[in-house]
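Paired with subunit B in one complex and with subunit C in the other, subunit A is shared by the two complexes that follow.
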Partner chain A sequence: MENYLIAMAVSAGIYALMALGVNVIWGLAGMVNLGLVGFFAVGAYVSALLTLKLGLPIAVGMASGAVLTAAVGVAVALVTVRLRGDYLAIVTLGFAETIRIVASNTLWLTNGTDGISGIAGPYRGSLSPAAFNLTYLAIVTAIVAVTFVLAERLRASPFGRVLRAIRDDEQVAAIAGKHVALFKVKAFAIGAAALGLAGALYAHYTSYIAPDIFVPLLTLYIKLALLAGGLGNNRGAIVGAFAVVFLLESTRFVIPLVPGVSAVQGAALRELLIATALIVMLRYRPRGLIPERLPRIPVPPSTPPSVPPAAAASTKNYQPTA
Partner chain B sequence: MTNQRIALSRRGFVKRVGALAVAGLAPAVVRGQGTPMQLGVLTPLTGAGGFDGPRMLKAMQGVIDEVNAAGGLLGRKVELVVEDDQTNPESAVRAARKLIDVTKVPAIMGTWASAVTTAVAPLCWESRTFLTTVSGADSITKLPHQGYLIRTQPNNYLQAAKHAEFIAALGVKRCFMMSIQAPFSQPTQERATEVLKQKGSEMVGTLIYDKDKTTYRSEVDQALKTQPDLIYLNGYAPDVTILLRDLYRAGYTGTRFSQSYAVTSKVLESLPFEVTEGVITVQPSADVTSPAYELARKRLGIAEPDSYETQATDWASLVSLAIARAKAATGTGIHDNVRKISQGSGTKVYSAVEGLKLLSQGKEINYEGASGPCDFTDIGDILDCKFRYNKVSGGKFVLLKVA
Partner chain C sequence: MALLEVRELTRSFYGIHALGGVDLRVEAHRITGLIGPNGAGKTTLFNCISGVVPPDSGTVLFGGQDITGWRPDRIASVGLIRTFQIARGFPRLSVYENLLLYGDRQPGERASAALVRSTAALRRESELIDLAFAIASRLNLVRVLNDPASSLSGGQKKLLEIGRVLMARPQLILLDEPVAGVNPSLTREIAGHLRALVDDGLSVLLIEHHMDTIAQLCDHVVVLAEGKNLAEGSFDELSRNEAVQEAYMGRKRRVS
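For the complex of A and B:
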């Protein structure tokens, strides 16, 4: 049982890392990225291939996975810089499918649909499976913790503020003198790096990757995690990731207890429950378990009110028409 | 808006979800202490394999019900613990973790997709859990699984040899092979060429084509230049449909041979009769002449159980018999005994119950399955299996033979 719980915690940690990455792109900058599993795949393949074919250390493989995925993120961001909302979503979805199909067909490199097996894990050979699990949990926890701290710093920084401004109104941000496209590209790169790192962590944990892993199902789990936790909020991303894994796994134990439900019906019921959870969540807590709280920006006390109260009130009610 | 009245607080929400989960977990722990012997089933109940998984599960359950009716295994009732692999390696790994670490099953039966099997296999061999599968990719049995995996599905190597033997037996002197770009293409071509030569026939040429082309005229011309008596079309339905049409247009009158998943009844509907007339299709088949097959038919109440249903029948039987012989419900016990009850000079038996009776009398047995003889190589591949050959006539499949 402990081994199972540890393994699920590792899964949840990897989900959390992905959710943190997507939070930068979607939660802060407001760019709907349905191709996150594509970035996850790039990181996984890069790290797996570098360690397996060139014999590089795992840490170097993971770092390269993150860096290269960030580069891919820049490329995707440059291509899609003029797209917003649904259009961006469709293109990124297409990007993820492209990665999957390329991985299926580039036999000489990725071994096609057979996938790459025997990917090294840190100290896997010299540890018992249980000890390896525990070691990996420590590694994942450390990486998630560091990423969380960095993401929090980013959120509170002027950079994070600009991203939120872009999310809320691109034109206003542009008028305020911000180079919107550049910020978007940077946000994409940062988010993609976290996704790539998560992919590399996944590859070295399970020792096997194949195109079939990188299907939209995983994208949906992460979206669900972020929505459940609270979009735009790093604590929410982590809580949400754990909540999703908890939901996925606890249904395994609950459904067999429902009388008169066969295994086949149970499997369908499980999917139904997950879908229902998403709908209920969006209906009753649309801002997630931990709604986004904007960082307080201190106003220097010495600043005199520049406009009389009456004028300030009218400014508040002013609605931009654009 | 009435939102406020029904909205849950964050704490309330967490509490309720938590309570639900705890309620679910508690009895699961209690159940683990019960007496039934639990065997794992990890099969696709949703996703791309959602058509085959439930049928395989039913076949396994059928065997286990019979074993239970005959007194169970090692004096305990047997219970199948079923998890859905969602035809997805990531989900499958989580499900396998649960079966291995929580339910602590000695065996996991039923993985279908090759990627799922390859993802789950390392967990199984590391924890000494026995895995049985239908996945076809050649690479699976080459994994360092230390004997903790068997596959009842013929691999490409065996398939290619069997197909080549059949082609040679048709009296074909000159064979040409056109294959789609896929992991299995090259190895299949090489093995078929080898066997054809041994059987006095000849592979006069091979080519590998790209998928998703609207015409294969140049490939067809290349093939026809070698004047083959038979062309083996080793692809999938969309491209084989076009190839059949182009071969007809080019006036080819020799035999065309293909896998049944490439020439389906849908393909026959989409092409004129004269284009598909005489095409021979092949698929791995259950051993329809075996008494075990007859038993599976009765047990399942199906006129013709297919390859997957019969393979599932055989897993449940093999695992039950190996546990009985090992006198222990452990993965290592199954690992050490599975070949001792499935091959060798023991008395031939065709069902788990029959085998259990003989084992209890201290006799050695040789299980002959519904899917085939169930004899395994060192790496867990089957040594032999039957194939079903159909010929297309008037837009319909007519059985040629099962051999």
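For the complex of A and C:
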């Protein structure tokens, strides 16, 4: 049971990393990316292949996974730079499916639908499974913590302000002197890097990847995590990721307790529960558990009164009698 | 030399000639009015000058430099900033942020500088905050600085629109109906702000349907009708011009 909980914490951490990445693209810059599982897959495959086929150290593999996925992000962003909303969503969805189908058919490189097994994990051989799990949890936690700090800096910076401006009105942002296309490409690259790193972390943890892991459902889980936590908000991304993993896993235990439901029906019921959770969430807390807040900039104390001093004094002295 | 010079500008949309060879000269340190009936092509002219829509042909010279067909952010960076007719902006940014966004030369807009929190970026940010505060004080927006822009009243949105433009420290501002739908006292206030800006050395090109404001503010007025130049001169000259009266009021039917 302990091992199971640790494994869930690791996967929640990986979800959180993905949600942080998507938050840059979708939450801040407002670009609907339905292809995030494709970036996740690129990072996983790059790191797995580099460590397995070239014998590179795991850390190098993971870093390369992040960098290469960022490069793919740049390519996708350049192709889609003029697309918005639904159009961008459908193209990115197509991108992710393309990655999955290419991975299924490029037998010489990815071993097709059989997948790649025996991917190295840090100290996997020399540790007990429990110790390995804990070590990996520590690594994932550290990476999520660092990414969170960096993402917070981005959000609070003038760079983040430009992204949020683009989210509201691209044309006015251009008039404000911002090179909109360049900012979009940068946001995509940064978000994709986090997604690729998450993919690499996943590959080295489970030691096995195959195309059928990288299905659109995973994209939706991350979208759900971000919506539940609060779009545009890094704290919310992490809280949402943990909430989604908790929801997914707890239903696994609850469903078998429902009498007269077969295993297959149970699986369907679980999807139903998750969908219901999303609808309830959007109905009652449309801005998520932790809504995005505007950064407050202190107003200098030497505020010139906008009402004449006499009037201000008289309002101050006014005492309601009721 | 005129600050802004537009020559023979044309632009069509699906066969409709929105601009059919428009010429325009805007002199520095003056308020030039641009008037004309609805559909005359005033806003299209603004779009072509500011880079939102590329013109089909013709040239736009700003300070002697050919800026025809440039990207809007490049045009903004040489000191030509416009506003939009329906107060557009960034509803989910605070008023402060709406102002700060228009500040130029902010190194913190580079992702790398943002990640390491460079001191240059922090220093520039505090300069911009000071400038934003000064502009907000001038426009009476201090009390709402940390409110989301979406919560402002219509009049405050118009003021914010002017404030944002000022943050960019432009040479020339193109204002698209700055007093449309604004109450008379705020209209006078906005007119006063515009006059003060020109006294400070700015130049203004103004689209407006409110003729009292045009009469009161503009040193020179250009009339467009059906995508072409119709007349120009002082407001008094134009108000006596029969072609202008016809364009606005229609032709008097001759009964014989």
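Definition applied: the second predicted complex is superposed on the first by the 297 of 322 C-alpha atoms of A that agree within 3 Å, B and C clash if a C-alpha of one lies under 4 Å from a C-alpha of the other, contacts with A are read in each partner's own complex, and residues count from 1 in each chain.
As a convention for this text, contacts are C-beta pairs under 8 Å (C-beta built on N, C-alpha and C of every residue); 3 or more make two chains touch, one makes a residue touch a chain.
Here the structure is a predicted model, which means the values were calculated and not measured.
Engineer: Look at A:Val162 in the shared chain and tell me whether it touches subunit B only, subunit C only, both, or neither; answer first, second, both or neither.
Structural biologist: second
Engineer: Regarding the shared-chain residue A:Val180, is it in contact with subunit B (first), subunit C (second), both, or neither?
Structural biologist: In the superposition, A:Val180 contacts subunit C only.
Engineer: One more residue to check, A:Lys53. First (subunit B), second (subunit C), both or neither?
Structural biologist: So A:Lys53 meets neither subunit B nor subunit C here.
Engineer: Examine A:Ile190 and indicate which partner it touches, taking first as subunit B and second as subunit C; both and neither are also allowed.
Structural biologist: The answer is second: A:Ile190 touches subunit C but not subunit B.
Engineer: Taking the superposition on A as described, I'd like to know which of subunit B and subunit C A:Leu150 touches: first, second, both or neither.
Structural biologist: Touch status of A:Leu150: second partner only.
Engineer: Check whether A:Arg84 is in contact with subunit B, with subunit C, with both or with neither, and answer first, second, both or neither.
Structural biologist: A:Arg84 contacts neither subunit B nor subunit C.
Engineer: Any idea whether subunit B or subunit C touches more of subunit A?
Structural biologist: The partner making contact with more of subunit A's residues is B.
Engineer: Applying the touch criterion given at the start, work out whether A:Arg293 contacts subunit B, subunit C, both or neither, answering first, second, both or neither.
Structural biologist: Neither subunit B nor subunit C is touched by A:Arg293.
Engineer: On subunit A, which stretch or stretches are contacted by subunit B in one complex as well as by subunit C in the other?
Structural biologist: Correct list for subunit A: none, the interfaces share no residue.
Engineer: Of all residues in subunit B, which touch subunit A in the complex?
Structural biologist: Result: residues 6-8, 10, 13-14, 17, 20-21, 23-25, 27-28, 41, 45-46, 53-54, 57, 82-84, 86-91, 93-95, 97-98, 100-102, 113-116, 118-119, 122, 126-127, 137, 139, 143-144, 181-183 of subunit B touch subunit A.
Engineer: Which residues, counting only subunit C, touch subunit A once they are in their complex?
Structural biologist: Spelled out, the residues of subunit C in touch with subunit A are 50-52, 71-73, 76-77, 81-82, 84, 88-94, 96-97, 100-102, 104, 106, 108-111, 113-115, 117, 121, 125, 129, 133, 137, 140, 142-143, 145-146, 148, 164, 168.
Engineer: Show me the residue ranges of subunit A that touch subunit C in the complex, using the header's touch definition.
Structural biologist: Touching subunit C from subunit A are residues 150, 153-154, 157-162, 164-165, 167-169, 171-180, 186, 190, 294-297, 299-300, 303-304, 306.
Engineer: Would you pull the subunit A residues touching subunit B in the complex into a rising list?
Structural biologist: 1-4, 7-8, 11, 105, 107, 111-115, 117-118, 129, 206-208, 210-213, 215, 217-218, 243, 246-250, 252-254, 256-257, 263-264, 266-268, 270-271, 284-285, 289-290
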